[in-house]
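Shared between the two complexes below is chain A, which pairs with chain B and chain C, respectively.
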Partner chain A sequence: MHHSTRSSAWRRVASVAVAGAVAAAALVGCSSSGTGSDSGSSASDVTATLKKGGTITYWTWTPAAKAQVAAFEKAYPKVHVKLVNAGTNTTEYTKLQNAVKAGKGAPDVAQVEYYALSQFALSDSLVDLKQFGFDSLKKDYSTGPWGNVNVQGALVGLPQDSGPMAMFYNKTEFEKYGISVPTTWDEYVAAAKKLHAANPDAYITADSGDPGFATSMIWQAGGHPFTVDGTKVTINLQDEGTKKFTSVWNELVQNKLLSQTPGWTDDWYKALGNGDIATMITGAWFPGILESSVKDGSGQWAVAPIPTYDGKAANAENGGSAEVVMKQSKNQALAAGFLQWLNDSKKSVSIFINAGGGFPSTTADQNSSAFLNQAPEYFNGQKINKVLVSGAKDVVSGWQYLPYEVYANSIFSDTVGQAYSNATSLDPALKNWQKQLVTYGNQQGFTVKGK
Partner chain B sequence: MIGLALFVIAPIVYALYLSVFRSQLVGGTTFVGLENYLTLFGDAKFWDSFLRVLLFLVVQVPIMLVLSLVAALALDSMRLHGAGFFRIAIFLPYAVPGVVAALIWGFIYGDQFGLTGAVNDAFGWHLAPLSSSWILGSIGNIVTWEFMGYNMLIFYSALRVVSPDLYEAAELDGAGAFRQITSIKIPALRGSMVIAVIFSIIGSFQLFNEPNLLQTLAPNAIGSYFTPNMYAYNLSFAGQQFNYSATVAIVMGVITAVISYIVQVRGTRAENL
Partner chain C sequence: MTATIPATHSGSPAAPAPGSTNGPAGTGAKARRSRRPAGSIRRLGPHARPRKNIVLTIVMALFVIYSFVPLVWLIVNATKTQGDLYSTFGLGFGHSFALWDNIVDTFTYKDGIFVHWFGNTLLYVVVGAGGATLLATLAGYGLAKYAFRGRRAVFAVVIGAIAVPGTALAVPTFLLFSQVGLTNTPWAVILPSLISPFGLYLVWTFAVDAVPTEVLEAARVDGSSEIRTFFTISLRLLMPGIVTVMLFAIVATWNNYFLPLIMLSDPTWYPLTVGLSQWSAQATGAGAQPIFNLVITGSLLTIVPIVVAFLFLQRYWQSGLAAGSVKS
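Our next item is the complex of A and B:
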């Protein structure tokens, strides 16, 4: 018998019930959204409230948060920030979503990744920061993250970090097999073939089906598979950009040229260290992961711009978070003041870079000579930030995520993941994903059309 | 009584209440009557997960119970040296928390740097316990390892209460060890076997911990609806579909209760024959 399975099942039933209770409470309290006491405040109020003081709650899983909050409280001694780690990404979103439904219990300021922003914007739970004049901060940020925090005409947050993509590659492995560093995707496929033929244990990269990666790649190829206008959604996972991506990637999938080691597992870290995974096409936050978790790879890795389709530079974002002000906040002006300091002040961003190893979204910090001239030993002294910052300038604008991207990602392995496992074309799998996303969206009250 | 009402009946009533509504991300909550149930009966994902645990039940449970039975009989035979050690050794995995067990086995199953990888390298094999075709068997292996000792203990304690007089009489009648097993021990075990089978049915239908933890290692082999419980979990936590999730939980509960009841009635009837 499976005793432990059984008791934990009960705990789950209980937590579903609790979550449901919260949902039921929302029935009673659904008219209470937007009860923030000062929704009519402006930029001058923000400065005034910071001086006046008060208490706010901040949910985040950013490693540098503690140091940032300490520095903030030193600068504004009358403001007290309650720092809460409510779990990493989806764990936090579940709690946040429940609080939104319940009409109470949400923090004043919360960390939300870019891909999940529109889900919260949709339920009208985020403050439009334009009322505090924050749209004037546009000039401070690079285009990719700024585009991400602007959801359907509202400014729903301020960018924290950003993840302009780049190609991280194992230089030692490339030199060992005489492979030149690819600059186009055709060269990348050729490199994949050459490497795997030379060493059957080695793969150009590991990808067993990652929704964040796939959407970023479609973004880089100029695709716009998701078009969102209010609650009207159009999904086309066979548009020109998507097909451009699959025409390259299918060749790797169908010829079994991708390592199927799932990301973030022990095997994956080991393979990154011993050359079995030769490149990673991913966000600018990746050096932090390599340096902290792949010690064996020190001195082997280097960074190059992401390969292009036609030699014309184009890039996308992968990962990254914003901080938002929740409508439930009783003191939105104060929360906004904290947020502005957190993500737009030199002091805070420098803590974020140095204590947390993050990649900033503010152009001033990206372009500061101290940042550009960092030459980490791990990368053999290469000035990697020069490559990464230059990549941030090429991010294609106009990308939109689904207003239910969190769910969409959760069923990616059921559909597209199967094509990876079976080494078949990604196109029918993407269509299958699209079909399920259309069904789900319509069930949830959106008007979703699949093209 | 109050405790019963609060902790047993109230959640069930609440789940029933949830299952007749639908709440949407856009448009709020509406009463839908039995619509969720009708959707469920035509939901290929649900039946796919149900058939998977049914297959698991039909294959894994008999294997586990036969192994437990053999172990219990061996212990009871008094011919084993170090019986106490065996008893503890077989029971020990049950004391390992399910989460830890799944992590240990995840390492063993790793076909690159795990134990399986080492075995593959040494013998030139291509074992892939975490691939789609093997994953259910691999999970069955973990569950057997975890719960064999527990079931063995149920059987063993039932054997201990058999009166020694019976064995004495059997020996006088010239019955050998094997005859004693089939004529005395197995019949004595019938009641506890029914209990073990019912518990195992419940356990199989509620399979969750092991696949959910192995999912990070085998994301494409273990989908979001690998078992009914995982389906219910993902519906509510990734999809915000609490109402439909409650429907899944209720239907699975009813199916489990019906099958357990049939087993119990059949089991006790056979006893009376």
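Our next item is the complex of A and C:
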């Protein structure tokens, strides 16, 4: 999850150094086209190799992975999957980038979050799964995640989970201060003011400058700040959608109505439990976090659709991962076979959901009546999946991430983050971010224009 | 051990021996043979007698508090359950005393991977820091006591190497190791740890004073081979310097984070530092499984050996730190 890319300075040094090297390698003629057997593979090869067997390596930090791999090896006893947790999100990307740059050391299959996919796709390190006929799996997935795994005409992965956004709110806290559940962003701002006035310790939400959240919010507002066509990139962080988002969020930032507790820290978990953070606008995987790690909040939380600008439903994705097949894989067909089982079989997806790993990306699982009718006690018996699944249908299509989004996110707190901590307008801060992104992209060999 | 050594280096700052060991009067041998590099000659002024100073005492007290608060926090919070971590004051104890549970959980989580990481760290420290000390000692002694062509060039390279931060070399080192297929093996961590330019420099400056050239010449006259002289005479004289270098190397290897982070992708070879950071990162994102209580307890357990090593070896550390700053 890029939600709060915790900016460890070391990690940043690594990702910057390596991202630079990789992007450069990508553009110098897409040199490292894999050593694997990429010609003449097809769907029938996949089935054959699964039966024939072999060994593949799978990098992931998904908690459900161990059980999924065990079930897979039971179904295909001749295939051995070496499961490696090579680090969570950016740590893994750094290692993956290093391996791509070095020309060896990459796994066969790897977990990559949606926002980071285009970075690897553009360095020509991912197998286009169309050669195995996987484009026919389109019907199995909801539109948001399927759009994310299709990068510039190539199918670069299969979705694992998805994160259509919703508003999670602390119902107890809302009722305590007589606040009604907001359906528009204007109402949300009003609720923020009312809550903080009534209880100075409580904030409507926590946001100290999270690039994943900001980009998702711009997406929901209909913005297209990044347009990518091959190596041509246009950045406009003042387009109509972005301005729609900042017009709302500036109100919260400038009036100091946002808790500055950084995400995923113990303070943050604490505040989610005691009502000091009253809502979270985030991906549909969030209930798993609440249920497993915010036990104090049980019975207090509820889910509502993400607020809108004008009453017309619109949504975006926040978080979620795909699994990809690396071009370095010596056995791409087998890797693809494993991937298909992993993210497209009922068995594997149900293990994933039951392990509390997240929200499915497969429509069959989203729309199964068992899933829709789940009424978790944590949410007072609310059928939360009905709200979340309906939100998945409203995701605005056409969103693109930068081909160096991991780097972009890593400098977000140095640029836009300043505005959050100084309680100043986000617009000049976003322009500053854009300026740095244009400069960096051009240094990396992209042709980047800022609008 | 200090007591068994001839008073060639009585450098403990707490007990300066004014007059006798001080002042620029070098031995004749030194003036002849090994001019010490400029910069390493640091003349201390006449030693001031220690005087009580209230302001300094207060400043020191503040520093002590400043250094101890994180440690106190760590110890206090290692006794808390995950729930107490969220719900109770940071520097106060929680509702329950869960230190033993936390320790047991730390050692047993994910089939005892913590113990595995502990073993890896030990391996890297013993082989890496041990090897670094050995190489630094041999090279530093050689450079201090033998005149040969190109010694100045070696000196320049060593000083230059001290100036380059390890972080800057990490990515090139990774690519190099990847070429020879050593990444994701323990060698990727051990081999770079073997190089300690700072340790070499320290032994070098230390050896200039600690091993009098006259002694070596006397040994030669008596027919002792160079190797025998090194092991029977020089090594003993160098011991305080060696222990200091070893401590530096142990601490550096024990805390090594960045190099193993990029070199290793398989958690079975992680040292504690990278492993704990992975546990900490588990608290982020979809499917997050925060185990802050284990991260904190694991951190506490991780620093225990290094604290013990320090307490036992600190007198060598002290004397070694002053090595080269006072001429004998």
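For the reader, a short list of remarks on this structure follows.
Everything below uses one rule, namely that the second predicted complex is superposed on the first by the 415 of 451 C-alpha atoms of A that agree within 3 Å, B and C clash if a C-alpha of one lies under 4 Å from a C-alpha of the other, contacts with A are read in each partner's own complex, and residues count from 1 in each chain.
The definition used in the following text is that contacts are C-beta pairs under 8 Å (C-beta built on N, C-alpha and C of every residue); 3 or more make two chains touch, one makes a residue touch a chain.
Bear in mind that the values here come from a model prediction, so they are computed numbers and not experimental data.
Contacts of A:Gly358 after superposition on the shared chain: chain C is touched, whereas chain B is not. Residue contacts after overlaying the shared chain place A:Ser410 against chain B, while chain C stays out of touching range. Once the two complexes are overlaid on the shared chain, A:Ala75 sits clear of chain B and of chain C alike.
Once the two complexes are overlaid on the shared chain, A:Gly320 sits against chain C while remaining clear of chain B.
In the superposition on chain A, A:Thr94 contacts both chain B and chain C.
When both complexes are overlaid on chain A, the residue A:Gly103 reaches chain C alone and has no touch with chain B. Looking at the shared chain after the overlay, A:Ala64 reaches chain C, while chain B stays out of its contact range.
In the overlay built on the shared chain, the residue A:Ser292 is in contact with chain C alone; chain B does not reach it.
Of the two partner chains, chain B and chain C are each touched by A:Lys270. Residues 1, 3-4, 6, 13-14, 17, 21, 94, 264-266, 270 of chain A contact both chain B in one complex and chain C in the other.
Put simply, chain A touches chain B in their complex at residues 1-6, 8-9, 12-14, 16-17, 19-21, 23-24, 26-27, 30, 90, 94, 97, 119, 122-123, 208-209, 231, 260-262, 264-267, 270-271, 403-404, 406-407, 410-411, 413-414, 417-418, 420-421, 440, 443-446. Those residues of chain A that touch chain C in the shared complex are 1, 3-4, 6, 10, 13-14, 17-18, 21, 59, 61-64, 84-89, 91, 94-95, 98-99, 101-105, 107, 161, 163, 263-266, 269-270, 273-274, 283, 285, 288-289, 292-293, 295-296, 319-321, 355-359. Within the complex formed with chain A, the residues of chain C that make contact are 83, 85-87, 167, 170-171, 174-175, 178-179, 181, 183-184, 257-258, 261-262, 265-267, 277-278, 281-290, 292. Listed in rising order, the residues of chain B touching chain A in the complex are 11, 14-15, 18, 23-29, 94, 97-98, 107, 110, 112-114, 131-132, 143, 146-147, 150-151, 196, 199-200, 202-204, 206-210, 216-221, 223-225, 229, 232-234, 236-243, 245-246, 249.
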